[in-house]
Every structure is written in C-alpha cells, then in structure tokens.
C-alpha cells in the first residue's frame, strides 16, 4: 500500500498569479489619467517574500503633487461639490461592485506587493475594502440624517496618506467617506505597497469617476510632505506611525487645518482566569500574528491573570508552534513576509532589546527563507512594565507577556501607556467585561474577540493613538465641515 | 468720609477647590474704564498651571465616574448658586464695563447655559452614541467618553457667558478643566469660581487661572498631561507656531464658538469608544 | 505540560461559541492538494466506521457492507480497508463472520440506541450481548435525560457501568451533541464521559438532523486535549452523522491534526462514522489517479 502520511506539512497550495498583470512602469494618477512624474523619476517596488522586482513606480515631486491638488480642486468645483448625493452614491456603489468582481486580482496583487498571506488579502482586506465603499455609498445621499440639526458641507480637497499594512483596505477607509461626503482627494499610498492603489485607479477609470475626483500620487516621505504642506489642501487624513503623525500635526497646527490621525498602539490583551481559555488563546494569536503583527491595533501586550499564566502560556506556545510561516501565496500560510527590509530591521532591533532587558524569548522552530524578509513568531515572557518591549510599538509578530493579579491591576497596566487605540478582554463574566470596557482608555475594546473590523463600526484612538474616527456614523464627521449646530 | 469703608475682595486663583495666590507672588491690576483700581488679581505662572493640571488630573477619573444624572445635578446646582448671587455678577460685569442692560442679560444667559448643559449630561449618549449593525455575530456599540483634562483659553468677551459656555461644554461629560482667563474678565471668572466652590462640584473639576494667555499657552500646549485644548478664547495676537506643540502628545485642539449652546460643543471634547462582543450561547 | 495538570478543570469550562466557530471555519481554508490530498483520502478511509443502522438491515445488506469495508475499491488494491463496520447488535454475528481475518473491526451500537432511555440493566445486557457476539467496539449513547436534568453523577455512573460491561471491547460514548444545547454542555459532557471511562467520545447517533459539525468536533477535541493534559489519558474521538463528502472528511482531519496533533490521526484515536462518505472519497481518489472527474456509476453502491 502506498499511503503517504497525512501530516500538517500540507503540500503547497499556491494561489495562481495569472490573474494579475503587473506593468513594468506605473505613472501617477492625476486628473483621470496616468502621467509620468516630473523628470520621469521612479522608484522600485518589490515582493518582500522574494525580493523580486515587481515594477517601477513614478515618484511624485512637489510639482506633481501640485498638479494633483489642482486637478482635485478643479474637479471639486466643477463636478463633485455640487453633484447630488444620490449620484455620488452611484459612483461609490460602482467602485464597490468592481472591487468585488475583481477581488481575486486585487488580493493576489496585495499579497505580491506587501507580503501578507493570500488567505488574509482574499478573505479580509478585499472584502473589507469593498464593504467600506458599499457602506459609505449609502451615506452619500443621507448626510442630513447623520448630522441632525446641523448644516454640513464638504471640506474641499482632502490629502490622504496611508500605510503599507493594509494598502487596499486603508485606501477604502480613506477614499470612501471622503468621496461620500463630497470631497475630492489626493491620495498617497505607502511607497512599499503602491500597486493595488494603482489598480484601483484603473477601476476608477472604468467606473467613469469624473477626472480629478481622486488623484493618486506615489512616492515616499518627500511626496507626503509636499501633500501635507500644500496650501490648497483643505483637510488632511493620515494613518501611520505616531512619529510621522506628530510631524503632520505640527505642520497642520499653525494652519488650523482639519486633521484626522490614526496612529500607533500598544494594545493590552487581557485574559482573566474565568475566560473561555481555548478561544482566548486563539484570540491572542489572532491579535498579534494577524498580518505579521503589522497592525496598529495589534494585541501586542498579553496581560494574563497570574493564576492561569503558566497554563495559558503553555497553550499559547503550543498553538504558535502550529503557525505556518512562509510563502504568502500558499493558501496554507498563516504568517507571511515582513513588509520591508527596514521594518524587519526595526523588529529585529527591538527583539534584541527585549532579550538584553532580560525577558525570556520563545520562537517556534520554523525554517525561514533566505531570500525575502522574514521573522519568526515571537513570544516574550517575564516582561515587566518598564521593559521597552512593553512600551514601544514593535509592529511585528512579537508578543510581550505580562501577568496581573486583580482586575484593577489589569486596568492600571493596560492604561499605563501614551497609546490608546485598542484593548482586548477575555472573561466569561458579563459585568466584568462592562466594567473593563468602561475603564480601558482605548477607542476600540474587543471583548471575547479581537481584531474585528466593520465599516459600520467606528475605529480610532485615544491619546497618542490619534484622533477622529473611521467607519460608522461617527467616522463621517471627519470629512465634513459643520456649523455649531445650535444657538449661540 | 464713608461710614463704612468697603472690604475689597482679594481675587486669587482657583485650583483644586482652593483659592491660592500665585506661587510667583505676581498680581496684575484690573481697572475700570476711568482707571480706578478694581482689584489686584493673581497672575498665574507656569507652575500654577502645573498645579492646576495636577488637580484636574486627580479629579478627572472620579468626576467621569459619577453618574451622568449626578453631573447634571451638579451643573444645575451651579445655576442655582449663580441665581442666588445674581446681583453680584451683574455688578462685577458693570465694573468691567458692560452696560447695565447687557450685564443683566449676560448673567441670565450664563445661568441659562448651566441649566441647558446640565440637561445634556445624560443625553449626549443618545445622540452621539450608536449601536452598529456589523456584518457578523457581534453586538457592537459606540458611546462617547470624556477626553480627560482640557485646557481652556477662556473668551475675553463676553466675560461671564463665554467662560460659562466653554466650561459647561467641557465638564458636563466628565472632563476636568484648567481655564486661563485674562484681563478684566478675570473678575467675573473668580466670582464664578466662588459659585463653583459652593456648588457640590468636586475640587479640581474646574480650575481657573487668571493671568497672561500668551505666557501660559505655550506651557499648556506642551504639557503632556493635558489631552485637549480649547482655543476658542486664544489670544488674538497668537503666534501660530505655538500650536505645533499640540503634537507632543497628539492633543486635540478645538476652535469653537465662544457662546455656543450646542451638543456638538460637548462633542468636541469627547472620545468615541466602540465595544465588540460576540453573540452566542 | 505538567503545569496544565496542576489546574482544576473547572477553570476552563466555558466555550465561546463565536470564536470557536470562527476557528473551525478558519481551519476549513486549509487547502489540501496533491500528495496531501491522497494521504488525506486514504487516511479518511482508514479511519472510517462504515455504518449501517437501519431497521431494515439484513444479513445480506451487512455482508455487502463488509465486502465494501474490506476492499473499498476492487479495482485498486492500494485503497486501504476501513477501520470498522458499525451495525446493530443483531447484525454483529454476520459482520464478525464477514470481516474475519481482514483486520476490519466490528463496532456495535448498544444500550438502547439511539435514545438510551431504558432501564440500565437492559442497556447493560444489550452491551454484554453485543460483546458476546464478537463486537470489538461498543457505541453507546450518553444519558441525555440525566445530563439535562443535571444528574451528572448518574451520567458518570452509567458510563462507568457500560465500560465494565464492555470488558475488552472499546467503549465509544455518543454525546448526541445536537441535543445538549450548546458548546458549554458539549464540553461538560465530554469531560464527564472521559472521566467515567470512555475510550472514545463520539458526536452523534446520526438519527437526528443536528449531527456532527466541525465546531462540535473542535470543541470535543479541545476537551480531549485538556483531559490528556490533566490526566495523561489519551481518549479518541469519533465524528459521525452528516459526513458525506471527502472535503468534509479532510476538514475533520485538519481540525484533529491542528488541535490534538498528528498522533491522533490514526484509526486508534480518530474515526469518521459514515455510510455514503466512502464513495465520495473513492471518486476523489479516482480523479487523482486518472486526472478525470469520476461519477457515481464508477463506484459500487452497496
């Protein structure tokens, strides 16, 4: 009998890349057309899983950004500002449908350009992106009901800058509400993951979005700076690191420019001894290893009650041993590639710090490819509040485990950070959940779940994790100018 | 010669429920239109600001932790106490140059503001909060929470109504405030402090510093334990680069309406918290 | 692992439905291709309890089933025999005769299957009878009536008595999970059965519409894992009812493998109770061998 052993080293199940067609060269998307950057400057984007060159992408200069802002201004005044909401909605619905229809193509491209597992880009990023357009399309002609008693108008030209961790989903989070509320946009995707935004530009052409309503300028920090500093931008929205967010806030402050910031986090993920343990283990794993931990709301600090700590950590390690790190295109991959060499360097540096500070490191045995950027899932135990790995955002697959004795101590430790984006709580006791949810300083509290997202659910942080919300009715207010809405 | 030589009031700062003088020992003269001395008000220093922030932080969690009903009652109590001292407020406003009719009207409006905002304490959740229909087996809701400690640049005009409008909007949700008042408005502010001190408002919820806004604003913007700054009454000759300091801890900055009577003025000092929980058995 | 044994089981008794189901669903995205697929298909056959539990069962029907069990694909002897045939006690004699010397075991339901609601002595006699007829494995049902009234001691006593009545035969305890009301109860019933002496815990009788599901099996597998951590005892798991396709079968293999480890992926510790599953698995194997999609006319109906 020739029975091979069935084990968990599943045979490779590679998603086909035939569905995507990557051009050698991409231009900027300005005024409805792809154009070269001034001086034909370009930069390369690579596949972080293989370091293979994917394409050259135009690098927008200050002059190019200026052209894009001009196009957006013109589109705002010519088409978009006065277009009835009903009609704006139509465009957004069309975009949503196109994203659904071409979802696989987008998902594969997202995985190629960013390194995330295809199961995530396919089952999470793209469905979320389409859902955001669909959700906000419905608001476009109902804004009066979102702001009862207030007069709302669009800002005008909105500058938006997004990170590399969820390129398409972030594009949708930014573009959909901005367009639904009647703004035009100059959008800058992250320099390591520009390709899906450029594919989105094709979709925008296909749905006949009026030229200039969305302009996409690719480039790195200097391009972003040019957008932030442009005097004819009426509002800025940024998702990214707290460091860059603060620079943008400085730039916007003196001009009193409306701004939304969705920045970093160091979320506490709290597990009580009365939790549904096996599901909590899953939640903790999803909380930190989803998207290689490149998640601003990652549950990077596990606070586990001392009475179950040993048992819980044992279960956690066993579960982490099962994570399959490898080719992001393999449908059986759980943890993909680190997004860039630079990010890999940052993660490795902070992990070194963790070791030197005396925390105990655990990494499952997994063979990492030589080519590409990889980091094994990592658990630090014996972490103390004063350790840098308990304080600083690592933005990688690295979990710091601390223990607590009482609920009060859990809250105190959870809140003891300048960040305030998210938190997780696991307990089967309802009143304790509500007590914790009340006291945790975080914009999102996941109770008996983690890393859930929905266009109808507002997302955003307290304290240094930023301000303004994305999603839900509350998220709309970031993109409208409102009167006082009362008497004075 | 007067039979009774009036006992003039010393105008001090209001920090943590107490009325200290500035640690700097500095004062500034407030004079009426004819130049007669009305008071030597305390001129707050950056160290007084630091103390006020400490008091505000200390009071914030328990203030926010009170029931909305209770906070509403305390704001209403402030209106009651103002009403009781109505003539004094009119007189202070007249001293600093407000016409009798306008002074009377302004006091009425200020009292009315407390009452109006008091009623919002247990209603902002209704109009700003939501239950969100997410596409999955989760109960998901969003509700407002106070931002924390709020620095307030009080409007110069109208001296009493402006301050009351901004303060009420800030504190009704559970924020605590450190307000800076400048010039003649200081007299109205400290008179208001005396009302607040006797209105069941816990010490530290409102702290009032009289002094020089341009001197104190940079310290306020740079303070790491202030979560938001109300710039509605920011000095007209403000150096805008001072505002960049807001970025040190990602402060929320608010430019509002000095006499706003709006739930959205409350919303400017709120955070939205969203909670997810699975629905299962 | 010792640390887990130190903790009372009561600390970990709740199950979150949504997260459990989400985990089970995420395991269905495992893509089983080429060599893994062939291995999975063979393993599902080797772990299969080929079942017939009809009132209309006859010696002839059982003989036909046993032939299929020992040589599922007469044209391809690479295809392994199934683990066991599962029949009513009255059919055990025929099954024992038909499978003699083949390595295919005979499992018998017993103990007033499928309700379990007759006097304990009668149920025990039923078990003893099936064992006496030569059954290697006995599938009994948990006393849901006692369980749902909260009489857990009675539940455990009865399982223990059944175990005794089994003698050398292996005892599988059917929880009939579709009747228990939720995952907390499934976990509790799993724990009680294992503590009382079950060799296997089994999901369903196949006699009610709510049969085995992936989350149910995941929940039971997690209980088995915790029981093993706490006591060192290795308990098996049988999924039964509603499993008709090869794809469903390998989803179960993935859930077991990723929860309990590949040690559990043997007929000694994992079974799939099914009747029509085998033919779908054979058709899938046919596709792997020939590159063409097969059809029902190309496998035998038994």
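Annotations
We just call them A, B and C in the order they show up, numbering each chain from 1.
The criterion applied here is as follows: a residue touches a chain if its C-beta (ideal position, glycine included) is under 8 Å from a C-beta of that chain, and two chains touch if they have at least 3 such contacts.
Just so it is clear, the model here is predicted, and its values are computed rather than measured.
Each of A-C and A-B has its own count of C-beta contacts, and the greater count is at A-B. Chain nearest the geometric middle of the protein is A, using mean C-alpha positions.
Taking the mean of the C-alpha atoms as each chain's centre, chain B and chain C sit 69 Å apart. Centres computed as Cα averages put chain A at a distance of 43 Å from chain C.
If you average the Cα atoms of chain A and of chain B, the two centres end up 37 Å apart.
Annotation for chain A: residues 448-449 touch two or more other chains.
Of all residues in chain B, those touching 2 or more other chains are 138, 278, listed in ascending order.
Chain contacts: chain C has residues 16, 18-19 touching two or more partner chains. Considering their complex, residues 127-128, 130, 132-136, 138, 140, 142, 147, 165, 227, 240-241, 243-244, 246-250, 252-253, 255-265, 271-278 of chain B touch chain A. Remark: chain C residues 1, 3-4, 6-7, 11-12, 14-16, 18-20, 22-23, 29-40, 42-43, 46, 77-78, 80, 222, 253, 257-258, 262, 265 touch chain A in the complex. Across the interface of their complex, chain C is touched by residues 137-138, 278-281 of chain B. On the chain A side of its complex with chain B, the touching residues are 131, 148, 150, 242, 245-247, 249-250, 253-256, 261, 263, 418, 433, 437, 442-449, 452, 454, 456-460, 462-467, 469, 472-474, 482, 484-488.
Across the complex, chain A meets chain C through its residues 1-8, 10-13, 119, 123, 273-279, 282-283, 307-308, 310-311, 314-315, 322, 330-332, 428, 448-449.
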